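The two complexes that follow have subunit A in common; it is paired with subunit B in the first and with subunit C in the second.
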Partner chain A sequence: MLLNPADRDPAATRRLAALLAALAILWPLLQAAEVKPGALFAADNLKVIGGFLAAFLPPETGIEFLGYLGKATLETLAIATAGLALAWILAVPLAYLASGAGREKASLNPVSRFLLTLLRGIPELVWALLFVRVFGLGPAAGVLALGLTYGGMLAKVYAEILESADPRPARALRQAGAGRPAAIAYGLLPQAAKELVSYTVYRWECAIRASVVMGFVGAGGLGQLMDQAMKMLNGGEAASILLAFMALVMAADGLSHWLRRRLEKPAAPRAAAFGPGMAGLSLGLAAAVLASFGFLDIGFGALFTREAASSMGEFAANFLAPDLSGEWLLKVAKGAWETLAMSAVGTLLAAAAGLLLALGRPRFLFGLGLNALRSVPELVWATITALAVGLGPFAGTLALALHTAGVLGRLYAEALENAPAAPNQALRLAGAPRSIAFLHGTLPEVFPQLLAYTLYRWEMNIRMAAILGFVGAGGLGQLLYFELSLFHYAQASTVIAAMLILSVTVDWGSAWLRRRSA
Partner chain B sequence: MIRSTSRRLALKGALACALAASLSFSLPAGAADGVLRVSAIPDEAPTELQRKFAPLGKYLEAQTGMKVSFVPVSDYATVVESLASRKIDLAWLGGFTFVQAKVRTNGTAIPIVQREEDAKFTSKFITADPNIKALSDLKGKTFAFGAPSSTSGSLMPRYFLQQAGLNPEKDFKNVAFSGAHDATVAFVAAGKADAGVLNASVWDKLVEQKKVDTAKVRVFATTPTYFDYNWTVRGDLDPALVKKLTDAFLKLDPANPEHKEIMALQRASKFIPTKKENYEGIEKAAHAAGLLK
Partner chain C sequence: MSFALAGVGLTHTNGFTALADIGLQAGQGERIALIGPSGAGKTSLLSVLGTALRPTAGDFTVLGAEPWALPAGTQKALRARIGTVHQAPPIPARQRVVTAVLAGRLGQWPAWKSLASLVYPADIPGARAALARLELADKLFERCDRLSGGQLQRVGIARVLYQAPELILADEPVSALDPALALATIRLLAAEAKARGATLVASLHAVDLALGCFPRIIGVKAGRIAFDLPAEEVTEALLQELYASEGGALPTLASEPRSAVHAAASDGAGRAACC
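Let's turn to the complex of A and B:
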């Protein structure tokens, strides 16, 4: 069909050239990520992975194991809830300090902005790894790690939401003599409340996923159980844990959707500002947070003793003198390059696969596939892909690609559905084939949005790529795990700094690309 | 509009109260009042470690008159750090983790006993690849160590590889850390790594229990002997208690059926006293291999 000159894509040459240029730029990245598609289809590897996946059936259902599983599931839920409560306490004052909202002059506070970047730039897994060392043993490390990272994220987004609200009511209040807190509370919060709560609930959902991941470094919960099962390649146990995890994520998804939908509905007019529904919700929330802290039994008191402070101080001091010798820097640079390659190639593969899956018909079937892809965490995918292609960066790249394809596919599908249908239909009516109508009618409409989603995911993937090394995917993660195990804090400190620089650079790069395409 | 503000503020208030309340209720997990806290480096699956420890824990309770609680951890370094920060009293350490503990406690950690077997310990190099017959065949292959700070799964094999002229980071295609000895066997059996190395005692146990297919996975090299595992106490533990613990281990006698079960689980024929000096060789090897700075 495309042989007919009238049907050929008029922009084909230009697009092909752009694609080739992109490939030429990507070539070194592909090299660093050790992409070798052949390994995926080697008979030996297929047999190994087939054997492992076959062991998933039947899932382990022994009473003793189910007992562990139930406890771990509750623990994960409690870590996420307690962690988010902590994050919230941190985020509110930080957002207040960092935000330009309600100020006479929009002067941004550079110190708190820097603090936010620092909190967000270091992946929660790294915080968890450090806290496991200081507080040892159990979920306290996970709660604190979540509290810090998510505190940073919440504060940044809260600050931005407040800034994007209509500033006039707050300005009017300030000019009438109100202080900044009052101006924010009465001028901005009423506009922004829904969005703030909605984002907080969404973050809670993310916290559940994250608390599973942190279990991989010994912060308790389902992740710790999963790590054991995966290391021992115990398929039956892995299957049960994965099922429990998926059920938990889906339940959280459902609850979060329900809460957010309730926020969409305007409250019924009533005399009291504080309705029974709200009272019930607040009580429920308070009970959940209390129950979480109670269940985890974190000795927070012990964290605030002089002894804990001095051991924490000593520990932190170890990190103040990073190893900056040329030899070590070279090694870290190589790790950073590998990590960057993993994240970039993984995201690109995911974008391509996600687009194909988003276009697939019937929608229902492909939607199910996308859900399956994204409900398996990257670290779990990495264990499976390492069996398929051997240890190394390619396994990490594939793991990122598989999970991200699920996420992006869903976002792409939504964007495509919401795209205006007229241009596509006009082209079809004018006799253009389906492919051309899509390329010139639909794609240009949604392209900036697709690109923005992809770049956002890349920002998340650079953080994830930095830690995939913990399960043998190379890069900065493996260096960090090794050096921390040996108490080589000077070297570990360099690696953490490199992670921070890398994620900040990618954030900037991605923001720049988004601005250009918008 | 105003309604949603007060809703927001109400939320805030509720959250703050809840947190304040929970903070005041969950005060310290407590110091070790009459409780002996014991842990072990997780060189095998944690469930296996707890199974192995249960009868020994009961025995120590009877011998010391204290409640003994086992604290499971998932990371070698956590055990060392917990001993140094006095969160645990007694720990089952590897040779290298003992050296790390010694360094981190400024030399105060005291090794009390070890198994007779630990005085001449070895590591086994294993593979499922028919082409690997000697250490020199490992060039360009993927290789799995146990945990980075394992003595028999990382330090000593690395040291002996170095003696044989092999640098893992340069000569192997990829190096992975499985985290535990039984996991290394799983890695190699599944082809996730071309070869690996583990503790001889765990290898023998897995072979005895038929948990490894020896037709597929085989040993192709064994290291020279070295000092490994011991039971270590933190330096500021009551000397009378340390004496009780040491005596309890030394009294274990395979002729006594009750003791026999404990010793079989610990894979010990006999416990013997040990001292810091036994681990100087390991410390030197750790410096030579660049694992200790």
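Let's turn to the complex of A and C:
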């Protein structure tokens, strides 16, 4: 390019290669995700979505419907609370077994680690779908599905939090002859308690969103109601449900924020470990969990009868012989590729939209918009985008992009607020326009953080993309839904294995990219 | 006329008065050192000159314009003609040195060029030349977080050299450098200003450096101008009074505080060695 080789940028070749590689990967992904912006404006699509959205106003306010809505809202809340309680019971022993914390030799337990991957790798919606087959429609399937997936997630994060605490106090206790439980309780828990509680509360918030989504496969609550309203294209009811849902999510958001702020306060000096406030909270928590189980009336007794056990056994046995014929594998591979494409393209679109929204002014207005995008789960978005662009991967991609833009936008905005201001201000002082000063002065500072957020979100989206097919958005989910409704368990088993492999692969890929950018 | 201040005051929103009743004029091409104890208002005065802070009282013109009466576009064009060396180099840690230096001209370049330069540095020879004057040419493609504090401070100076402004403001520009390098770097700034006819205003911690390299010295104390004299007329008594609050020893280039007598003795030698 230039005559003097010393004046050539030595990084240029590497950058060009990376760009070409990115394009070479992205182009087929765009193809597979069937991104066709034109479909958004196709006349008949516009008519369907326009008619549906027009019916949103006014929202349904009939007394009878509001009664159903209230009951469904309570049910959703109860499923989330009961499911998380179950998850917690599962997570504590698993975390204890899987964590290297408090061990004198850091031997990781491969069996419990594998179990955790299995529990987390299969999305809660798939668990719910399976449990609905065994236990029939109703909240029991939702509670169990939440318990298993969130049990896996909580256990993994608990184990990591304990491992990241300063190990010296626990080690000293072990060397003084204390057992591992005592060493963890006295050496590690005091350091990690706040983070553990805070993460659990955050998960409860997520469980509420998840329990709505599971309603779409018949696990009760607001989701089931929404599914019915969408199937009948009843815009007024859908609008009321969406509003109730946003209110619920925001209330949970507020409650969780308040609880976490309480954790920040230093403990009062007193002899008892629990003050009156703490005791009240614990009692309230216990009451909420009991009330949830009572309200749902699951009848766990029936789950542990001989009949239930044998039917569960039979059902599970169906999955032990996956269909590995070449023809079916090819079909699954195509579904997996489509799912990967939806997750990658959806996350990329969300990153771009999220950054723009995070920079928007006035802040509070855009903050409100981000919250609205975020509080509607991907699956609910997918039912709406499917109306707007027709069934297929593009609807799923758009749904992922809409929800993720809300999540990423909020995270980006926080990261940008915390970025050092000096480089940007110095450039503005030298006359640089606002946008240029942002690109040269602020973005380089926060880029690794933004990238890490985006990649974490991609890991979540690959799991989500796998199930968006349940509402007709293509990929592995559509295959699974189809095969399960035909009772083809061997084929379904292959699809579930593919989901597991895909999510583990994406975890690896994302960890590799994060390491490279650090 | 490079800049003029009449009755300028700066009171922060918390009620603290950083500057009071400053009257000051400088012709184009003057080289001025600001000295005084820490907290005296040197940085505040430079911030007002650089249009970073808007004075809360008085009249202020710089490079023939009243910056706070200008529309946004014209204000940007004015700011592009003022270059500031900041005490803590305001450079993103993960940026490459070449990009950090070229950022000096972001106020002068059209938007497309600024954007393109993020992908491929727009003027590699220009950045190399600026860095070479600070003996950092070999760091051209290094990332800034791999540099020492002193190297990073000189990258900040290279950025202003590349910007080639008509008014150079420098806030403790050599605070992270060893004495020999500090002297050489201040000489470089002074020579650059002289060669291009640019005005240079630098706040300096080391009194001997100020007296040795700058024809005009302004003493700042408690937000006011204590004296404004040619370097030859700055007496030992004036300096002692200026730094009375710092315990009697004058701050000089060497890291340990030397006695006032010592400083005065080295004064002439320093001046001869410098400009």
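In the analysis below, the second predicted complex is superposed on the first by the 493 of 518 C-alpha atoms of A that agree within 3 Å, B and C clash if a C-alpha of one lies under 4 Å from a C-alpha of the other, contacts with A are read in each partner's own complex, and residues count from 1 in each chain.
The rule we apply is simple: contacts are C-beta pairs under 8 Å (C-beta built on N, C-alpha and C of every residue); 3 or more make two chains touch, one makes a residue touch a chain.
Fair warning: this is a prediction, and the values are worked out from it, not measured in the lab.
Of the two partner chains placed by superposition, only subunit B is touched by A:283; subunit C is not. Residue contacts after overlaying the shared chain place A:118 against neither subunit B nor subunit C. By the touch criterion defined above, A:431 reaches subunit C but does not reach subunit B.
Of the two partner chains, subunit B is the only one that A:487 touches; subunit C does not reach it. In the superposition on chain A, A:12 makes contact with subunit C only, not with subunit B. Once the two complexes are overlaid on the shared chain, A:448 sits against subunit C while remaining clear of subunit B. The partner of subunit A that touches more of its residues, comparing subunit B with subunit C, is B. Within the superposed three-chain model, A:472 lies in touch with subunit B and out of touch with subunit C [touch as defined at top].
Within subunit A, not a single residue is touched by subunit B in the first complex and by subunit C in the second.
Touching subunit A in their complex are the following residues of subunit B: 1-19, 21-23, 25-30, 45-47, 71, 73-78, 80-82, 85, 87, 100, 103-104, 142, 144, 147-149, 173-174, 176-180, 182-183, 186, 190-193, 291-293. In the complex of the two chains, the subunit C residues touching subunit A come out as 50-52, 76-84, 86, 88, 90-96, 98-99, 103-104, 106-108, 111, 114-115, 118-121, 124-125, 128, 141, 163, 165. Of all residues in subunit A, those touching subunit B in their complex are 44-45, 48, 51-52, 85, 88-89, 92, 132-134, 136-137, 185-186, 189-191, 193-194, 196-197, 217-218, 224, 227-228, 231-233, 267, 273-274, 278-279, 281-283, 285-287, 289-290, 293-294, 297-302, 305, 311, 386-387, 390-392, 472, 474, 478, 481-482, 484-488.
Taken in their complex, subunit A has these residues touching subunit C: 2, 4, 6-12, 15, 422-423, 425-433, 435-437, 439-442, 444-445, 447-448.
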